[in-house]
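Two complexes are shown next, each including subunit A; its partner changes from subunit B in the first to subunit C in the second.
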Partner chain A sequence: MAATKIVVDPITRIEGHLRIEAQAEAGRISNAWASSTQFRGIEIIMQGRDPRDAWAFTQRICGVCTVVHAVASCRAVEDALGIVIPPNANLIRNLVHGMQFIQDHVIHFYHLHALDWVDVVSALDADPAETARIARSISPWPNNSASYFADVKERIRTFVASGQLGIFANGYWGHPAYKLPPAVNLLAVAHYLEALDWQRDVIRLHTIFGGKNPHPNFLVGGMACAINLEDTGTINAESLVDIQGMIRRARAFVEQVYWPDLVAIAGYYKEWAAIGGGVRHFLSVGEFPEGDLADLDKLYFPRGIILDGDLSTVHPYDQQQVKEYITSSWYEYEAGDAAGLHPWEGETKAKYTGPPPPFDYLQGLDKYTWMKAPRYEGRPMQVGPLARMLVSFASGHAEVTEIVRATLGALDVGPAALFSTLGRTAARGMETVLLARRMEAWFDQLIARIKGGDTATFTGDHWDPSTWPSTAQGYGFLDAPRGALGHWVQIRDGKVSRYQCVVPSTWNCSPRDGDGQMGPYEASLVDNHPLVRPDQPLEILRTIHSFDPCMACGVHVLDATGQPIVEVKVQ
Partner chain B sequence: MTEPGRRILVIGLGNPLMADDGAGLAALDLLARTWQLPDSVELLDGGTWGMNLLPTIEAADTVLLLDAIHTGGPPGAPVELEGPEIPAILRHKLSPHQIDLGEVLALAALRGTLPERLVAIGVEPAELTMRTALSAPVAAALPGMVARAIARLQGYGVHAVPAEPAACTS
Partner chain C sequence: MFSSLAHPWTAGESLGEHLERRGVSRRDFLEFCGGLCAVLGLGKAAGVRMAEALQAVKRPSVVWIQLQECTGCVESVIRTAEPTIGNLVLDTISLDFSHTLMAAAGHQAEEALQTAMAENMGQYLLIVTGSVPLNDGGVYLTIAGRTARTILEEAAAGAAAVIAVGACAHWGSVQAARPNPTGAVGVSDIIKDKPVLNIAGCPPIGDVVTATVAHYLMFGRLPATDGDGRPLFAYGARIHDQCPRRANFDAGQFVEQFDDDNARKAWCLYHVGCKGPATFSPCPIFQWNGGTDWPIGAGHPCIGCTERNFWDTMSPFYDRLPDVGGFGIEQNVDLIGAALAAGATAGVATHAVMTAMHQRKLRRELPVMDAPGAGNVPPSTTPSGKE
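Now for the complex of A and B:
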């Protein structure tokens, strides 16, 4: 029997960004291709710029994972110029980046991933009293009365009955892969709506430390926010109290809503602990420096590499061993298609050889994506929350070990369950809990330093280009919400001469390399992966969403025809 | 006269880097340059804000959206949608970049916070590729979009007067 071909592409009429193609036979996925159909090219824009401005440009790579490219860029330039930022600036960067993690992960869960597991329409069959009983059994969160859930259910009913019958028409509601009882579906929808107010509140931290959000302001040499407890125009006593409140409310929601919901939902989907594992090499570059950035032992989430799923050994990471390949990508290298280039030698020369759009299929073509294929010592690497939790666990990190063990125990599964679609989703929740707690420690340290008289947030050492060497190069690492991020900068005569970013989704969405090794998305989709209804590829979305895909920004035309935003084509 | 305390919000939507996707922003700019409006009317460049627009939309009583709207009509054709005609859709998506206006409106509806009046004033796009200029039919349709927006505002009792042409100083 010939395989069924499946295409999942975000927006039909418009150039997409992430496109998944697959083949399925007898209810299983037999082959898969991950493609990015939009050229990025930010590296080309960077050439000739003042390196002190680089963060502002690179931050615009994305409007969702704001913050991360700015910090990675500042670190790359600071590395090149030998700048050590003041401890306060480091703590503030941790708080800003930490809140980015927390908000981003919670939004990912409720806005993007939850609909893969939660059947909104089924919530209409829920008994609100049963939902209230479940809510009280898993969490002390105050919004847990039967009347509260009855009100949410009534709003869903009114919404569906309002005449906009197309509202839920494009979902996969009623798909047999949905397993939650109606009462749990109602609980999740209620929290989905609550999360909207919560995230709007806590992300104000960015506007206080960074002036605005999205895209807060950063600064090579520190942070662009002055501290003076009595001054209304700076970070002062009042704004610090405001920030403390946000950190507390962030922790409360994560511990009492997000995490209990995640564990409760996971309990109904334990079979997904054996699905979608894929690449078993993991990379964490480490994040949240709790001392000087160069002191790698003081990273809260440690740096390291796991090979072949072996948690008994953490291998060291050396950024010199990262190379990017273009065997399957729409680029050309001077040294030819088989070459692998380290980012400091990186080239971004587009050479599109795909079919003219709109096209039917990319599968089977030698080159099928704008993503390069980064490899570490020749191996594909999974990056993201699961990589961080595995490297931390294998390194003996106390808090990570505790929450990993507790979660495996609560779900009654063994450590092998971590290497899966469910493992990636659970790991994202675990690190959110740990960060929501750690934020309080960073905040307390900042307050203690200010009380001790240190209000410095910026160093002007080497700000002046006359103090720079004629050539310099730097590496800025950062483990972002979606995984290991690297910015590599070269500076010549005061200007950026070369700039390369290897972003988390480049690792995870990478295509096949010259050795035929699939990238992590692709490998996960062919690892014991079901697909019950090829025209409703809910299972593909579950696994791709478990990576939290994030590609370059698309367009946002209002489409009055109500076309499905995910086009699914089956042949 | 508009009722005291009533808030009217005019939002331009779109991405000016993607040709006609920027039509709503160009119309907003033309409206701001050619009309004087009272303080009760707020003009907002909503860009591609996605979910960040939710609180802003929820806080208004009347929302006029200026946007490129695809209905399958000829390029540059006027489009107007009102209330439930504007799709509020909660659907599966691949990435968080796809959180669009339909999702924002669906969530506002679920939260019971939709504005009383919601109107989309649009134009049928011709070209949605990476380009900073509008296509000719869409550029030609901008004055018509602004006129329709002003007519709506006047229908709500807003006192709108044509702006004095800016003095030439160069």
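Now for the complex of A and C:
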């Protein structure tokens, strides 16, 4: 039987533009290609800019990961210029980044991922009293009465009856891969709506420290929000108590809604713990410095590498071992397509060789994506929540070990279940629970420091470019919600001469390299992967969404020569 | 006055069902339609046909396409306070295509788009986020194998109105910053045959988007705009004229370095680069995230993100006006001060001048690179001799 050629474009409920092509035979996926179809060239645009502006430009790489590029950029520039930010600024960045994780992961679960597992139409067959009984059995959350769920059901019923299904139109409702009973579907739909309200509230933490969300403001050397308990226009007790309330409400929702729902839903889909594992190499660069950034032992989630799924050893990470390949990407290198280049030497010249649009297929072409292929010592690496939880677990991290063991026990599966589509989705929930708790510690530390008389949020020691060396270079790492992120900056004569980002979705969505090794998306789609109805890509969406793709982040480019632009023409 | 938001068509019922729920009987409705037809000179008998047509009215169709962008504008709309995204999507509009939120993918998503456009031809509201890359035949963004330009032109052809949301759809934003490698342009550079409303900002405050949609639904037309297509209800005032720190500016009280004693008194950020004097935006009035705060309120200077070409014309962001690209190093503080003083009284007219100034510099390269150290905050000089 010949393979069926499949194209899924657009992949919706993600950030950005992703195209998946595949071949399927007898209900299984036999081959897969992941293609990023957008290119913006932000790193070219970075050249000649003031390095203190770089965070704002690179932040616009992504409005979903709206914190991560800004902080990585500040860290890279601070590394280059020898700036050590005040402890308060680090705590504030942790709180802002921590809330980004929590809010982003909850939105991902309910609004981007849930419809892969939850049949909205089936919720109309639910008995609200049964939903209430289930809700009370797994959580003390207050909104758990039969009348509450009856209201939600009525709202959905009248919506569906209108015949205008809006964002739910053409969904895969009734597909045999949906396994939840109607009462659980109704529970999830109710929380889909509640999470929309919740996320709007808790993200206001960004607004207080950064002035707005999306795209809050950051600052090389610290944070711009001054602390003064005796002024109306600064961080004071009124704003701090508001933040404290958000942290409390974030934790309550995560512990009482998101996590119980995730475990309950996972219980109906245990077969997905053996599907979609893919690449077994994992990288975490570590995140949430709880001391000086240079003190890697004080990262809350540790740095390290797991190879071949072997959790007995955590290998060290050395950023010098990262190289990017373009064998399957629409670029060219001076040294030819086989070369791999470290970001410090990175060169990129966009060269589209795909079919002129409109086109039908990219599969079978040598080059098929704007995504480069980063490799660590030649290996593709999976990054993200699962990588963080595995590296932490293998490193003996107490809280991670506890929640991993408890989750495996609750689902009655072994550790191998982590290497799967379900494992990625579960790991995202685990780290959200841990961070929702850790936020309170960072907040308490900030209060203790202010109480002790330290209100500094910024150091201006190297703000003035006259204090900078004529050339400098820096590396800013950050483990973002979607995984390991690196920014590399070179500064010459006060201006950015080279800028390079290697981003989580570049790792995960990378195409085949010169050795034919697939990237993590591709490898997971051909790992014991079902596809019951080739014309309905529901199972593909489950696995791809389990990575939480962020395509705008993943594609970047650098000037071919890496030379600074020192002369420009004025019209 | 009837407000569609105060009396939402819950659950997407038709007008007939909606009226019935509000206590208007079919008989009353038929009589109303008959009377209306008589007034219109169509004869009373036409009332039945009119009633049938009106009763079939559904929630207005909204198609939201996302092109070359970062999704920040969608995230911003998801944060709106009133109407909330939940109420908007379930009760007020029919969001028939949304890359970020829709359940369907691939062919089913494309089919949903085609169906929405065909069934609501000439009727639907088109929202666009993201720019359109034109270089090299548009290969820098394809969706389902088709270029952004093709998708935009097709979607706009049948739209009743087009709303370009965010700096990318407005004029191209960060990817259109020098040297604009992909040839990114805004919606109004492509769509010339119908009005394009620009909701400026990187991103805009989400409430401006929902308020614009609400305006369209309540009043049946788009709101009035300035010369750059930006609705006056949001962009009619300059930040500098609405800023709570304006009194500090007038009194010569400036932050000289972040976190200095003056920063801890929440003084004016002009000396550390604030672009509020050159920026028309609702930030100080609407504020962000349900009125929580706004950039200047949280101690960071405005970067001018609601203005065209701000990445080039407003940067370096920490350099004081007028030492930034949009004004040119040839301008001196007094000239800019005079422009600012005029702006305080002339409002929108001044904005038109400023927009013209910016557009003259359109596509201009950044100013000649300063020598190392020249990017430093210049010595303290206040505009217009105020201090």
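Definition applied: the second predicted complex is superposed on the first by the 540 of 571 C-alpha atoms of A that agree within 3 Å, B and C clash if a C-alpha of one lies under 4 Å from a C-alpha of the other, contacts with A are read in each partner's own complex, and residues count from 1 in each chain.
What we mean here is this: a contact is a pair of C-beta atoms (placed from the backbone, for glycine too) under 8 Å apart; a residue touches a chain by one contact, two chains touch by 3 or more.
Keep in mind the model is a prediction, meaning the values are calculated, not measured.
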Contacts of A:H281 with subunit B and subunit C, given as first, second, both or neither: neither
Subunit A residues touched by each partner, larger count belonging to subunit B or subunit C: C
Partner chain(s) touched by A:H191 [first = subunit B, second = subunit C, both, neither]: neither
Contacts of A:P549 with subunit B and subunit C, given as first, second, both or neither: first
First (subunit B), second (subunit C), both or neither touched by A:R52: second
Partner chain in contact with A:A224 - subunit B first, subunit C second, else both or neither: second
Partner chain in contact with A:Y172 - subunit B first, subunit C second, else both or neither: both
Partner chain in contact with A:A161 - subunit B first, subunit C second, else both or neither: second
First (subunit B), second (subunit C), both or neither touched by A:R60: second
First, second, both or neither for A:P214, with subunit B first and subunit C second: both
Those residues of subunit A which subunit B touches in one complex and subunit C touches in the other: 8, 10-11, 13-15, 17, 63-64, 107, 111-112, 115, 120, 155, 159, 162-164, 166-168, 170-172, 193, 196, 200, 214, 541, 557, 566
Residue ranges of subunit A in contact with subunit B within the complex: 8, 10-11, 13-15, 17-18, 20, 63-64, 107-108, 111-112, 115-116, 120, 155-156, 159, 162-164, 166-168, 170-172, 193, 196, 200, 214, 538, 541, 544-545, 549-551, 553-562, 564-566
For the subunit B and subunit A complex, residues of the former touching the latter: 13-15, 18, 21, 48, 50-52, 54-55, 65, 67-72, 79, 81, 84-102, 106-107, 109-112, 120, 122, 125, 128-130
Footprint of subunit A on subunit C - complex, ascending: 10-14, 58-59, 61, 68-76, 78-81, 84-86, 89-90, 93-96, 98-112, 115-116, 133, 136-147, 150, 173-175, 177-182, 184, 202-203, 205, 244-245, 257-259, 263-266, 283, 288-290, 292-300, 303, 311, 315-319, 363-377
Footprint of subunit C on subunit A - complex, ascending: 7-17, 19, 37-42, 44-45, 48-50, 52-53, 56-57, 60-64, 66, 107, 111-112, 115, 120, 155, 157-159, 161-164, 166-172, 193, 196-197, 199-200, 203-204, 206-217, 219, 221-222, 224-228, 231-234, 242, 330, 350, 352, 354, 356-360, 370, 455-458, 460, 463-466, 468, 470, 493-495, 535-537, 541, 552, 557, 566-571
